[in-house]
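Heads up: the structure comes next, in structure tokens.
Chain nomenclature is as follows: A, B, C, D and E, assigned in order of appearance, with residue numbering initiated at 1 for each chain independently.
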Amino acid sequence: MDRRLTLPTLAAATTVVALAIAAPWLKFVFTVALAKGLAVLGILLLLRAGQVSFGHALYIAVGAYTVAFLRPAIGEVLLLLPLAATAGTIVGFAVGLFVARYRDIFFGMLNLAFSMVFYSLLEKLYAYTKGTDGIRVPRPTIGGVTLDPVAYEWAVLVGTLALALTLGWLVSRFLASPLGQALPAIKTRETRLEFAGISAKRVLLVAYVASAALAGLGGGIIACTTLHVTPLLSYWTHSGELVFIAILGGAGSVLGPFLGAAVYELVRVYAAAAFPDAWQMILGAVLLVIILFAARGLWGMYEDLVLRKDRRA
Amino acid sequence: MAKLTRRTTLQAAVASTLALPALLPRQAIGQQKPSEIRLGISTFLSGPASVFGVPGRNAADLLIEQFNRAGGIGGVPIRSIVIDEAPGVDFLLGECRRLVQNEGVDVMLASISSGSCLAVAPLAEQLRMPTILWDCGTQRIFEEASYRYCVRTQANAVPEIVAPLLYLMKIRPDFRTLAVLNQDYAWGRDSWAIWKAAMDAVKPGVRVVAELFPRFGATDFSTEITRLLALRPDVIFSTSWGGELDTFIRQAAERRLFERSTFVLPLVESSLERVGKTLPEGVIVGGRGDHWFLHPTAKDTRILKDFTAAYRQRFNLYPIYPTFHMAQALYGLKAGYEKAISANGGSWPSREQLMDTMRGLEFAHLTGTMKIREDGQGLEPMLIGMTKHVNEYPFPVIDRMVLFPPELTMNPIGTKGLDWVRLLTPASVQRAPAEIPYRA
Amino acid sequence: MLTLEGVDVAIAGTRVLRGVDLRIDHSGRVALVGRNGAGKTTTLRAIMGLVPLAGGRIAFEGQDLGAVPAHRRTGLAIGYAPEERRLFSSFTVEENLRLPAEVLGLPAAEVARRLDKTYAVLPEIAEFKDRKAGGLSGGQGKMVALGRALMTGTKLVLLDEPFQGLAPALARRYAETLMRLREAEPELAILITESNPDLLKPMVDSAYLIERGEVHPTTL
Amino acid sequence: MTLLLFLAILDGLAYAAQVFMVAVGLTLIFGVLRILNVAHGSFFAIGGYVAATLGTWAAATAAAPVLALPVLLLAAVMVGGVLGPAIERLVLARIYTKEHVLQLLVTFALFMILEDVQKLVWGVQPIFQDGPVRALGQVEVGDIIYTAYQLYLLPGVALATLFGLMWFLRRTLTGRVIVAVTEDREAATAMGIDANRVYLLTFTVGTVLAALGGALASPTTSLVPGVGVNMIVLSFAVVATAGLGQIEGAMLTALLIGLGRSVAVYFAPEFEVVIPYIIMVAVLLIRPHGLFGRPELRRV
Amino acid sequence: MTAPLLSARGLKIAFGGVKAADGIDLDIAPGEFVAIIGPNGAGKTTFINMTTGYLRPHSGHIHFDGAEITGRPPRSIVRRGIARSFQIPQLFTEHTVIENVALKVAAHGRFWRPFRPLLDAGTAAAAMRLLEQFGLAGVATARATELNEGTRKLTDIAMAMALRPRLLLMDEPTSGVASAEKFGIMDTLVAALRAERVTAVFVEHDMEVVERYADRVAVWSQGKILASGPPAAVLSDPAVLREVIGVETGHAHA
């Protein structure tokens, strides 16, 4: 892993824990943010290949509903989360086989279509999903231990943080591998890959399945945190939100998604607190400003600051 | 707070996050009389359901001002903090935590969406947060779990659907065919399930000729209307609301569907002013409780007259059922606090004392008095009637009103609504009270 | 009439033109020869304003073209036939011809006059003027591209590798057309790029060699 | 059965007309600017709101029935004429050189902003102005009553828009200039065409069309917060299925979706919601670039 | 004569009426170094595109090492041992030279190991060896965008060599390169090809290069092979001189 990331990573992790100690309500916000960050990490993989999915909320919902459906049978987080990731992987593979053939707008729209079909199913199959009312998830055990609510929240936050660190590290390893390095070729000229004897479709499929698994895991964590899942999780605006976070955080580093997710959630909370009727407008304006004036996102801003400091030193 | 949030930089956001908790050191159980009661309200401020959410919020603003002018509750003024439940459960639960753990909110008034209520109730237990469910309709909440910190100050889906059915049976017992057109989401499905089960119990053999569930948020029902025109069912039942109900009514009126079938619209009270006399006479009207600004027994009371006048003056609209629901929540809260204070010998009650008092509480509100049952469920009558056009108003009024008492329409504690409605009999219809005609 | 002084152009960080000096006089016929990738196309694109200059100056009849946006340059009576033809495939041949003249806002009579003139020089394209440009063969397309350049280029036309990809018979026809043009429009200045200098020998009066983005006068 | 099918087709045509009106502006903008405009739904909604506002004003005047239809067009032109150029110049013009993701997200940001603007201006109460529907009256088909607005006006306007656009793009100079930029921006510039102006014009026309879609929908539907959101997804599906930038394709797709939907409502109502997506996936499986889309030549 | 490594029979393809290949028959023997010359647009690059699977001939067959490869996808053909370089080098601009080469090394070997770094010891060594062979060791850590044209050409060819081909097809290896550099580049790459015993075909416009390096010359004209044979013989053929006049002969430098 890039050594330049070690310090900011540690600083960010410490900040998250410190803030959560100082303000207990942030435990929940940060857990959800980190879980979304995992899904955005997946979006980042696809962005490297120049592809935007406008439907990845699908996999968040797949993960979340996996937890909700299995909770009556399985009461253990350490089992539920891997199952959520597995469900994301399976659905991601099935959908990926289809969408990996398409590029650009078609890729984005097909993902959108699949997520909207899934959303409709969640609403429709009322007998199983309870429709928009959603399914309640009784608090599961962690490692066989039934924790009190506060301890549980801490455990989920710390666990998610650990997962974010581990998976962030793994994704950065992945991006440094030949497979990861081949992703940009899909963005520019994928025939180059074909002439190197490599199927661009398969490269994209691998990234796609990985992104689905990450989003599935993120969805599982969200279900274990909110303890209530609704079909809204898979609505297309939530997919747009994931892409938004990816750009906000910056696609240049694996820290970007988590940085973006945390800032997104905080901006939304404070915008909603200050302007309950117009928080969406504030978020839109933030996004607009980022794209127009700092297209490399928050991580890009950080890099610029640090680089400038380095140059001065 | 406002100053902090206006800063937009990351640093400021982080800094303010750090600073906020320190600003508000509060004890979990405040036995001392607080300087203010902080009231968190979750409601829809965006999206289609803001048709209900914003009137609810408006009612809260109006009543809280009134309460505070009169000395608040037990001498303590109320301050409300409103949050938007539109972005979804994950956001709402974060906001609730923020309100409780950061803003030091004393009481929550939770949610319009049933999904939100189902998610918030367990959190309320966890945070020991007194919570009043002010508008959501699902009967699942108190049937599937028991909560110490949650009560509901209105009825639920069961009486809201059973009452119009009993009314239909009374007014037009001879119908043979029926079609349903509901929004395709939990409420639309739930309310149909209740209706169907109850109808099969009180009048077996009715043929359901079409079950139409157009997409939630649909903007066009002309295909559905063509089909209904062709099928000519005796009765068309729809629990749709908001813009979709308005659209359905307009499109149905333009194509004279009202001339062919009897409509049962249990939520149409909230659309009357908007659709105006496009809605013909003879449509069965409900409003999720006994809410109407011309409530037959309360319309001449000071409290309702003043409220309607003040609301109209401020918002240029007549109050609709969500405003009444909000009022019930606030009157209930006030009554609960006051009773708990006096039971506590004049000193400020703990959260637990407050919530214990809320159970079994009877309190007066805009249209009468209501009671909160031991399980936390509110009991209120159901006002069902039929549209009538009069000169005094540019929109239909409700005539031939029947006020169904809760005993007739609400399942007892410990039963499940969907099971209980199957036990209804044709005799239930006979027990309905007498009609009250509209009087100007 | 047209002068390039010290023109530098960089594309994606690579310098493609380095200090190009080039000059075309009134009614001059100039060849710019060089291999593929030497910078011929970029030179013409720079004249048309389609790539930004990294340095230097291009002037047409004394006017600095730096102040003239790309889409105004046909209005100076410059015509341009790009490499690869680049006709609008859903238009008919005549629509392709008319477009640049109509965009200039020329009166209908003037457009018709220029069209007649173009058909006079290129009689063969009049035969298929109602066909869609997308269905033309390579040689036909080249002819139409030339015709389209003539519709606005009443003072100067820039022809980018007109012979590339043409079969010898077609190349000969195209060369004959250029000779005919020379007689019909003696005042017209022409800049032709080509990798094969011998083809141009009979029809130009001066030549430049371009190599690695550097331009030198040469003789053919 | 035959009658049912016939009715289903009538309903389908009316619905297809609405779908086409929403999608056509989007597809036009995409064809020229290569930007998939998420804010399109907001233009639809604002067009509807302005039409309803103007309609309410018109209804109060003496010439109410005469004005009912022209105000719809007026609203569309007002909304498109103001919002289109403003957004194109102030925002989009700055991002043409940036990545597609960013272009898409910029319009997403605009959508978020406009969504709240619309709420702040018109509030949350459903707004309904059915003057135009009433002005045109009813039509009976068998014993089924239709509104003339639905049966004649909507399909009529859709056809007029389709043929008008085709005529405009093929027969007028401005139209051909737009097509030229669509085909080859650089060659068009070299032919003296100011591509920036074409972008401005196209975006404005697209915005007017979106607003017109909203204005035409306003007499038959309630305007509520979020009314634009649903339109976006639907029109995206149409554009992708049609083949990007294909106006005739958009019409054909709208017909497929309209007929598919109404047949579903009659015979399998549970499938109604997913019809557009099923059609989209099915079409793209067989034709990966959409019904009328052409594969762009891959570069070596 | 040994069996040909590559054998093309009756290849035909046309684009919008232009016949880029109109019955091409061509055999390449193992170890040969064959130049393809001809005017622009004669179909030389099209031949490479068909042989590497990028284009499918409308008719005709291509055999490589005895097996038919006509119409197979590029990646399958690469796996069989045919690599190519490009007239415009296809480098990953955001990567360094060694990363570019390493990616191709990995593509040939351990591509599908998702968590092994691109520049692990084995891959880096293999890439470095190639860079040394092509005299590129000095620019190993330079970004692809910082290179001059000649170096980019060599990098592109080194990348093709990283796929360990038996046949290498090069599209104008010296185009865009200054004349002063061209022989240096050709020396380097011919030495590398010989060292690895790779058969090669290259499209070229520069007759000096062709005369000096090619074992055999095939002259392309209008989709047909006009002549084929040793450079000295072919390039003195008057028919070739007339038809292939488009090829720069050097006198323009005067």
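Everything below uses one rule, namely that a contact is a pair of C-beta atoms (placed from the backbone, for glycine too) under 8 Å apart; a residue touches a chain by one contact, two chains touch by 3 or more.
This is a predicted model, so every value here is computed, not measured.
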Other chains in touch with both chain D and chain E: A, C
Chains in contact with chain B and with chain C: which ones? D
Higher C-beta contact count, A-D or C-E? A-D
Select the chain at the greatest separation from chain E, using centres from the mean of Cα atoms. B
Remotest chain, chain C as reference, centres from CA atoms: B
Per the C-alpha centroid definition, the whole-Å distance linking chain B and chain D comes out as 36
So the centre of each chain is just the mean of its C-alpha atoms; given that, what is the distance between chain A and chain C in Å? 53
Measure off the straight-line distance from the CA centroid of chain C to the CA centroid of chain D, and report it in whole Å. 41
So chain D residues touching two or more other chains come to 115-116, 119, 229, 270, 273, 300
Which residues of chain E are in contact with two or more other chains? 54, 93
Can you tell me which residues of chain A touch two or more of the remaining chains? 120, 124, 189, 191, 277, 279-280
Note which residues of chain A are touching chain B in the complex, please. 15, 19, 22-26, 28-29, 32, 120, 123-124, 126, 130-134, 136, 149, 222, 225-230, 232-233, 235, 238, 263, 265-274, 276-277, 279-280, 286, 298
Given the complex, residues on chain C that touch chain E span 12-14, 33, 35-38, 135-138, 161, 164-168, 195-199, 209, 211-212, 218-220
Residues of chain B touching chain A in the complex: 1-2, 4-6, 8, 10, 13-14, 16-18, 20-22, 45-46, 81-84, 87-91, 93-95, 97-98, 100-102, 113-115, 118-119, 122-123, 126, 138, 140, 144, 184-187, 189-190, 215-216
Quick one: which bits of chain D touch chain C in the complex? Just the residue numbers, please. 173, 176-177, 179-180, 183-184, 186-195
As the complex stands, chain E meets chain C at residues 16-18, 39-41, 87-88, 93, 145-146, 149, 172, 175-176, 178-179, 205-206, 222, 243, 245-248, 252-254
